[in-house]
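Look at the two complexes coming up: chain A is in both, with chain B in one and chain C in the other.
== the complex of A and B ==
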C-alpha cells in the first residue's frame, strides 16, 4: 500500500490561514489501511481544527467527507455539488488525492493534510516499512525476493557495502541491512552462485528518472 | 599481468614485485591550495601513490580530481578516489576522461559513505551505478575503448583500477566472495579497510589465497595508526564495519598519558612487519588520517624506504 503520515498540526494550520470553510476529504484506500486518512482520522482532524479555531477566536466551519478513493475520477466526482461551499478542500489521501481534486475542481484550493512516504506494508500493528521503490522493472527474483533498490540505502545491486554490521545498515541501527538478509538467504538456500554473478548497471528509464510515467492498457481504454 | 595497463608508478612497483606502500590525503575543506601542498609535502618519496579522497564521510571538500591534479603537479602520484554517491554515469565517465587527460593514472572505485553521516544530510544521493559496476565501467572504457552505452571512445583512459575490501564488515563469510567479484569485474588492486583485528584478517587473506585471488590482483593491507585512546574508542563504537579488538584499546591505555600515539605507531609497525611476510599481501596502504606529517617517520621505522624507482 501507499503509506503516509499526517502533517504536523502547525503546518496544517498555517496552510489554512485565512480559510473559514474547510472540507476535509478522506480516502478509503491505502491511507485508511495505514490509519492516516480514513473516515476515523478525518473525524479526528475535524475536531482538532474546530478546537484550534475556537482557541484562536476564529470562526472555522469544518465538514467531513470520505470517498471510496481519491485516485479515481468516478469517486472524486461525488463531491461536485458541495465543493463551491468551501474555501478549501483538505485532502487526507496520498499525494495523488489532492492532485486529482485540484485537477477536477480548478476553482478550489486543494491542500494536502498528509505526507506521502513510501510503498510498503505493516510489519506489526502500528509499524510500516518500505518495500518497493516503484522503479518500473522488478528484479527481486535475482535477490531472493528482497529488493535492494528500495531497501538498501545505496540501492546497491552488487552489495553488501563495507558498512554492513551485525545485520544492520551503516546509516542506522534501526535499519536492517537488506544485503545481509539477501546473502544469508542465498547461503541457506544453497544459491550463493546467483549473487556471484555481476549485475550490470540498471536501466533507470522505467523509474522516475525517465520522466513522469504513464501506463496505458489498450484493452481497457474506451 | 604481462603488459602495463596504465603505466602508473604504483602499477610498475607492484608488477616488479616490490612490497607497495601507499598513502592517503584528504583534500582541504576549501580552496586552500597551500594547505593541500603542505599535506602533500611530507608524502614525497615516502609512498608509491597517494589516495585522494572523494568527499570522504560525505563531507564536502575540494574535489578529488582537482586535488589529484595538484598532487600530480607537485610530483606525487595520486590514486584518484571516486564514489558513486555524488555522480550519475554521465558525470562519472566525464570525470574519468577528465582525470586521465590531466595525467592521473590510478583510480579507486568506491560506493561512498551514505550522506547521512556527512555535513549535508539533507542531500539527494545518486547511486546510479554501484562500486562493482564502476569497476567494470572503468575496465570497459580502458580495455574496450567504449562507453557504458557501447559507443567508441576517442582515446580511452588507461587507468590502474583499484577497489576497496572490508574484511570486517558483515556478513563475514561473504566478504571474500565479494572481493572475488570485484576482481572479476576488473579490479587490478585492492586496498582494504583499516585492519586492527589481525586474526580475522589472516582468516580473510587465507581464504583469498586459497581461491587464488592474490594471483589475479594485488591486495594492499590497510593500516591506520591510532593517535589516541579516544580515536580507538571512536573507531570501535562509531564507525560501522570497523573491528577494533579490546586488547588494542587496553594496550593504548596502558601506554600512559601522552604516549598512546607512539604505542599506536608501534602497533602499526608490528602489523606492517607481519604483512611483509604474509602470503597474499602485496603491500600496505597507510591511512594516516590527518597525520600526514608522521608518514616519513612511520615509513622510515617500517623499513620501507627508499621507495623503489621503476
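== the complex of A and C ==
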C-alpha cells in the first residue's frame, strides 16, 4: 500500500490561514489501511481544526467526507455538488488525491493534509516499512524475493557495502542490511551461485529517471 | 463508603478504558471541557488484556495534539486504579480538578 503520515498541525493550520469553510476529504484506499486518511482520521482532524478555530476565536466550519478512492475520477466526482460551498478542500489521501481534486475542481484550492512517505506494508500493528521503490522493472526474483533497491540504503545491486555489520546497515541499528538477508537466504536455499550470475545493467529509464510515468492498457481503454 | 468527589467532574461510563477513543477525548475538549481524564484499571490487570494500555497511548496522542495546538497537555490525563480503590478515585478526581483550576479555563471557551 501507499503509506503516509499526517502533516504537522502547524503546517496544516498555516495552509488554512484565512479559510473559514473547510472540507476534509478522506480516502478509503491505502491511507485508510495505514490509519492516516480514512473516515476516522478525517473525524479526528476535523475535531482538531475545530478546537484550533475555537481557541483562536475563529468561526471555522469544517465538514467531512470520505471517498471510496481519490485516485479514480468517478469517486472524485461525488463531491461536485458541494465543493463550491468551501474555501478549501483538504485531502487526506496520498499525493494523488489533492492532484486529482485540483484537476477536477480547478476553481477550488485543494491542499494535502498528509505526507506521502513510501510503498510498504505493516510489519506489525502501527509499524510500516518500505518494501518497493516503484522502479518499473521488478527484479526481486534475482534476489530471493527481497528488494535491494527499496531496502538497501544505497540501492546496491551487487552485494553489501562496507557499512554492513552484524546484519545491520550503518545508517541505523534499526535498519537491516538487506544484502545480509539476501545472501543468508541464498545460502539457506543452496542458491548462492544464482547471485553470481551475470545480469545486464538495470534499465533505470522505467524509474523516475525516465520522467513522469504513464501506463496504458489498450484492452481497457474506451 | 461515602466518599465525595468534586461535583464538576462528570462521569461517562465505558465497559473498559480501551473503549475510550481519541475522538471521545478530542470532542470533549472541542465541546468546551476544561479537562478530561480516563480512569482505567491498573496496568497489567485489564480484564480485556490491554484496554488500559491502549487508552494510555490514546491519551498520549491527545496530549501531543494539544501541545501542537499550544494548549496545555495536562488538560488530558490517564489514571490507573483498581475498582476496589474508592478513596483513590476521589483522590484522582480532586487532583485533576486542582490541576485544571491552576491551568484555568480552556482557551476553547475564551
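Going forward, the second predicted complex is superposed on the first by the 219 of 222 C-alpha atoms of A that agree within 3 Å, B and C clash if a C-alpha of one lies under 4 Å from a C-alpha of the other, contacts with A are read in each partner's own complex, and residues count from 1 in each chain.
Criterion: a contact is a pair of C-beta atoms (placed from the backbone, for glycine too) under 8 Å apart; a residue touches a chain by one contact, two chains touch by 3 or more.
Owing to the predicted nature of the structure, the values given are computational and were not obtained by experimental measurement.
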Please tell me, clash or fit, for chain B and chain C sharing chain A in the overlay.
-> fit
Classify the contacts of A:163 with the two partner chains as first (chain B alone), second (chain C alone), both, or neither.
-> first
Classify the contacts of A:47 with the two partner chains as first (chain B alone), second (chain C alone), both, or neither.
-> second
Have a look at where A:106 lands relative to chain B and chain C in the superposition and call it first, second, both or neither.
-> neither
Is A:200 touching the first partner chain B, the second partner chain C, both, or neither of them?
-> first
Of the partners chain B and chain C, which touch A:10 in the superposed model: first, second, both, neither?
-> second
State whether A:18 touches chain B only (first), chain C only (second), both chains, or neither.
-> neither
Which superposed partner A:145 touches (first chain B, second chain C, both, neither) | neither
Pick one for A:183: touches chain B only (first), chain C only (second), both, or neither.
-> first
When both complexes are superposed, which of chain B and chain C contacts more residues belonging to chain A?
-> B
Once the two structures are placed together by chain A, how many degrees is the angle at chain A between chain B and chain C, based on Cα centres and rounded to a multiple of 10?
-> 110
Could you tell me how near the closest CA atoms of chain B and chain C get once both structures are overlaid on the shared chain, in Å?
-> 25
Footprint intersection on chain A (chain B / chain C) at none
Residue positions on chain B within touch of chain A in the complex are 84-85, 89, 111-114, 116-117, 125, 127-133, 136-137, 148, 164-166, 169-171, 173-174, 177-178, 180-181, 184-185, 193, 240-241
Okay, in this complex, where on chain C does chain A touch?
-> 22-23, 26-27, 29-30, 65, 68-71, 107-110
Would you mind writing out the residues of chain A in touch with chain B in their complex?
-> 153-168, 170-172, 177, 180, 183-184, 187, 192, 195-196, 198-202, 204
In the complex, go through chain A and note every residue touching chain C.
-> 8-10, 40, 43-44, 47-48, 50-52, 54-55, 57
